[in-house]
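Structure in structure tokens, see below.
Residue numbering begins at 1 within each chain, and the chains themselves are lettered A, B and C in the order written.
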Amino acid sequence: MSGTMTISLKVWRQRDSDSEGRFVDYVLSDVSPDMSFLEMLDLLNLELVRKGDDAIAFDHDCREGICGTCSLYINGRAHGPLKGVTACQLHMRTFHDGESITVEPWRAKPFPIIKDLVVDRSAFDRIMAAGGFVSVHTGGAPDANTILIAKETAEEAMDAAACIGCGACVAACKNGSAMLFVAAKVSQLALLPQGQAERKARVEAMLAQMDAEGFGACSNTYACEAECPKQISVSHIARLNREYLRAKLA
Amino acid sequence: MGKETSLITSSVGQKLLMALSGFFLCSFLLLHLTINLFLFGRDGGATFDTYAEFMATYPLIRPLEIVLFAGFLLHAFVGTVLWVANRRARPVRYAVTKPGETSTLASRVAFITGAFVFVFLVVHVNTFFVTSRFFPTGATMFHMVRDAFRNPWYDAFYIAALGFLGYHLKHGFASAFQTLGLRNTRYENLIDAVSVIFWLLIPVCFAAIPLYFLWLS
Amino acid sequence: MILDSKIPDGPIEKKWDNHRFHMKLVNPANKRKYHVIVVGTGLAGASAAASLAELGYQVTTLSYHESPRRAHSIAAQGGINAPKNYPNDGDSVFRLFYDTVKGGDYRSREANVYRLAQVSGAIIDQCVAQGVPFAREYGGMLDNRSFGGAQVSRTFYARGQTGQQLLLGAYSALIRQMGTGAVRFFERREMLDLVVVEGRARGVVARNLTTGTLESFLGDAVLLATGGYSNAFFLSTNAMMCNATATWRAHKRGALFANPCFTQIHPTCIPVSSGHQSKLTLMSESLRNDGRIWVPKKKGDDRAPNSIPEDERDYYLERLYPSFGNLVPRDVASRRAKEMCDKGHGVGSTRLAVYLDFADTIERHGKAWVEEKYGNLFDMYKQITGEDGYGTPMRIYPAVHYTMGGLWVDYNLMSTIPGLFVLGEANFSDHGANRLGASALMQGLADGYFIIPYTIGDYLASTSFPKIEESHPAVQKAEAGIAALTQKLMDVQGSTPVDVLHKELGKILWEHCGMTRNKAGLEEALKLIPALRERFWKDVKITGTPDGFNQELEKAHRVVDFLELGELMVRDALHRNESCGGHFREESQTPEGEAKRNDAKFSYVAAWEYAGTGAKPKLHKEPLAFEYVKPSQRSYK
């Protein structure tokens, strides 16, 4: 592709968690359609720094769609308009010359803003710490092939395990619910034989922590599934619900 | 791992309450419609009135009535609690959102459609149930219904409310299966098919009744 | 300084067992009295922190990420090796050891590599127990595949996301310890200095990236698991934040840096599209199993690839290496691509790319077959370039992807600073001059799960630790030094953003210390880098304030170190006048243009001692002895 584009940006700027934020307008020219969305922000930041302005803070790292660090709400969509794609893998050719783009941080009470577009997602770690693991110590594990797992089961567990913990599910949900994130881990470990021993305790503990963090409840709009960059299915939420019932009643 | 949750206060527990009470209300809806369909009978409302009489006087019905009202109130109350909590989970709203690209309108407005249905129920219960039970005028239930439905304004209100009910169930019925963990790819289509009965067929049947009386008059 | 590798006595298969028996143990009741600082939460750091906490040690973990789960180990695609011999195809610990030493072009330490091969099986067991969803066969057993040209199928994998799944496994072990309070995790903390007291590593000074304040974390031993330095090149397949600051600042405190010129270039990456590009993306080298690599015979040929007739294409790898063809090792494939582009045969708008063509395979097996095998890679290519790799050949070019060099460590993974241990890619020990595919994950987890828990005990049990507090002069001095450096950076207020200067450094390194190196180029780089460093300190522009979240300042700290480390890489490359593995000196090649080692002169680890910025570092040599795998010249003709 050739030719460059000019883009109007409306970016959320907020000095720190205690300050008031606001949108700031920028116009950026010489945007190549081959740039990723984050490279476009890099370009804007170069301009800002050259002018002596504070660069826009945004979280990013691997830029290949796997680390889950980038977290931008672009034109009303978590990770932008494409399906199954993180913001770092969104390219400017998706937009047209002269388009105006609004960039916001993830918005949820449990994700307080640190600066500009950077939010604190440590709530996810605390949910994981409550029960997102199998309690095995290093050493002493039996030979790997003593645990047989049907191929389909392994595949389904892998579908759930593909979660990158980016928080797009929370960002996209009108309730700010973390159910898809929690469900992905509960489902993975409920499917696998390794997760059986702590099956009941896990779902209870993770859900208790999820509620304590202040995430909303799931109202089955399935926006999370639509926005998940790893396209994790809401059938895992159904399994989570099942696991919860099982823990409570069985 | 050691933290426990309560079925009553946890978000998933409350969702389960919503699903179970929702199903219970759906079952009542089915019963209600079955009886109402006798309104179409060509017996001047005799069969209908028999059932109405039975419902009003049979001793076992009274406790069931209380359970039913409790079910309504529980569904409305927990729904409101969840709605408030869900609003609180996002204190700062987005400037730009495009929810239509990721979810259905029915799923997003379930609380609002539910609220309309609730308002309708207050009026509806007052029109028929409260009057017949506590301030009887001597008119049979059939006549009460017929008279009420001869008012086109009331009919419009009634039908609109059924529209909301249908839209509420369009999301709610299938959603309850998901909440109860029963929805998966194997049953998805079946659930959606049965769902049509509840969100479309039943409200349409209900709506036919005022139209029928309006046409008769 | 005499480099003592502390390789245990005895036959190679008994060394680790003997050593484990002879190492001192810390009494279970005493373990909680020791405090270990772990920097980095990738495979090595997370597995080490979790395992040490399980044993009962107090552990403090730092990461510049917001969560331990974000470390770049997550991006590894291919798999992890272990000689389980499940497929019954002749694998063994000795074969994995042999392949790794040979693959490293005889520049690694035999004893370390053997131990790595020995413990690798237990890694798979451990990960499976954690719930890592490795690929399975229909009968429920683990599936293996052959990878990176290995003659046996010993690679375990979880789709194309093995690194992610292994990291999430280690993360789950770590977070379990965080939940119980056995590990205290500090997010968004970047280590900026090492605290050395009476010659021993006792802690680190870190910048709280959220608030900008400097914080000291003190303990009895420090573990660095901070990854490699590929980002010195600016453009690499590493994540944006990967950096060498932790290891480099430890180096400045006295830890020797070994084999810095050993960098690995991966041949099948998506080429640079423009000057704005921030990173490069790797596509699995399995693509070379079925794709054919070619360039137009005519220089500067502008025609679309599909309109270039067959007889005007040069399938140069098939021409040069009739028996291996497109499957020659990474370094050879990379170097030949560069050579073709240098001669003017490059394709695409930048002319820095070669074609990877699936047309023949699609014709032979059909598009569906290719889709099933490589669909995700074609999708990735399309996402990034906007082009359809099925209809027109993909463009590929090599990119920096891993660094074999790192801080020098002995057999116990301890650096030349007592109490400073270095794990994973951050150390130099196991891959010699070239790393084999599916070995990085193996090494990171071996170090963290199965080596450091033993060797650190020996150190702690045999050392007495005077109590130190933050008021200790060494801590105060280190903090003051970092505060001054930060202020100095902020005070420059020149006109050039950090990234621009970093890109310039990357360009110098890529041109003169990249896929091929020669004396003149390296000497040129030795002039260019100090000049660039000088310009950096005169002209860098950092906006914002130091007392808060400031990503420009974060980058500046990292580039300060890359500007010094880059010079050391060049010096090392200049001194090693031989070609081996990823280090190709044009002066040392066979008549056919292949790498030629000089074992008589260079069979040693080059470990460099810091002598001051810009000053010539002191070279120490650890001679390498090969008792079990006899060096031979590689040939792929």
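Everything below uses one rule, namely that contacts are C-beta pairs under 8 Å (C-beta built on N, C-alpha and C of every residue); 3 or more make two chains touch, one makes a residue touch a chain.
Please read these numbers as outputs of a predicted model, since none were measured by experiment.
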Which of line, ring, star, complete and other names the graph you get from chains that touch? line
Min distance from chain CA centroid to global CA centroid: chain A
Please report how many Å separate the Cα centroid of chain A from that of chain C, as a whole number. 27
Distance between chain centroids, defined by C-alpha means - chain B, chain C (Å): 62
List the centre-to-centre spacing of chain A and chain B in whole Å, with centres computed as mean CA coordinates. 36
Two or more other chains are touched by the chain A residues 130, 135
The positions of chain B in contact with two or more other chains are none
Complex interface listing, chain C residues touching chain A: 47, 50-51, 54, 65-72, 74-75, 84, 86, 122, 124-142, 158-159, 161, 164-165, 168, 171-173, 175-176, 178-179, 185, 187, 210, 239-241, 273-274, 276-279, 281, 380, 383-386, 449-450, 453, 495, 497, 499-500, 541-544, 548-552
Touching residues (chain side chain A, partner chain C) in the complex: 1, 15-16, 32-36, 38-39, 42-43, 45-46, 48-50, 52-55, 57, 59-64, 66-69, 85, 89, 91, 93, 114-115, 118, 120-122, 124-125, 128-130, 132-139, 141-145, 147-151, 154-155, 157-158, 161-162, 164-165, 188-189, 192, 194-195
Which bits of chain A are touching chain B when the two form their complex? 10, 23, 73, 75-77, 81, 102, 104, 107-110, 130-131, 135, 172, 174-177, 198, 201-202, 204-205, 207-211, 214-223, 226-227, 234-235, 237-245, 248
Chain B residues within the chain A interface of the complex: 1-5, 7, 10-16, 82, 85-86, 88-99, 101-104, 107-108, 110, 171, 175, 178-185
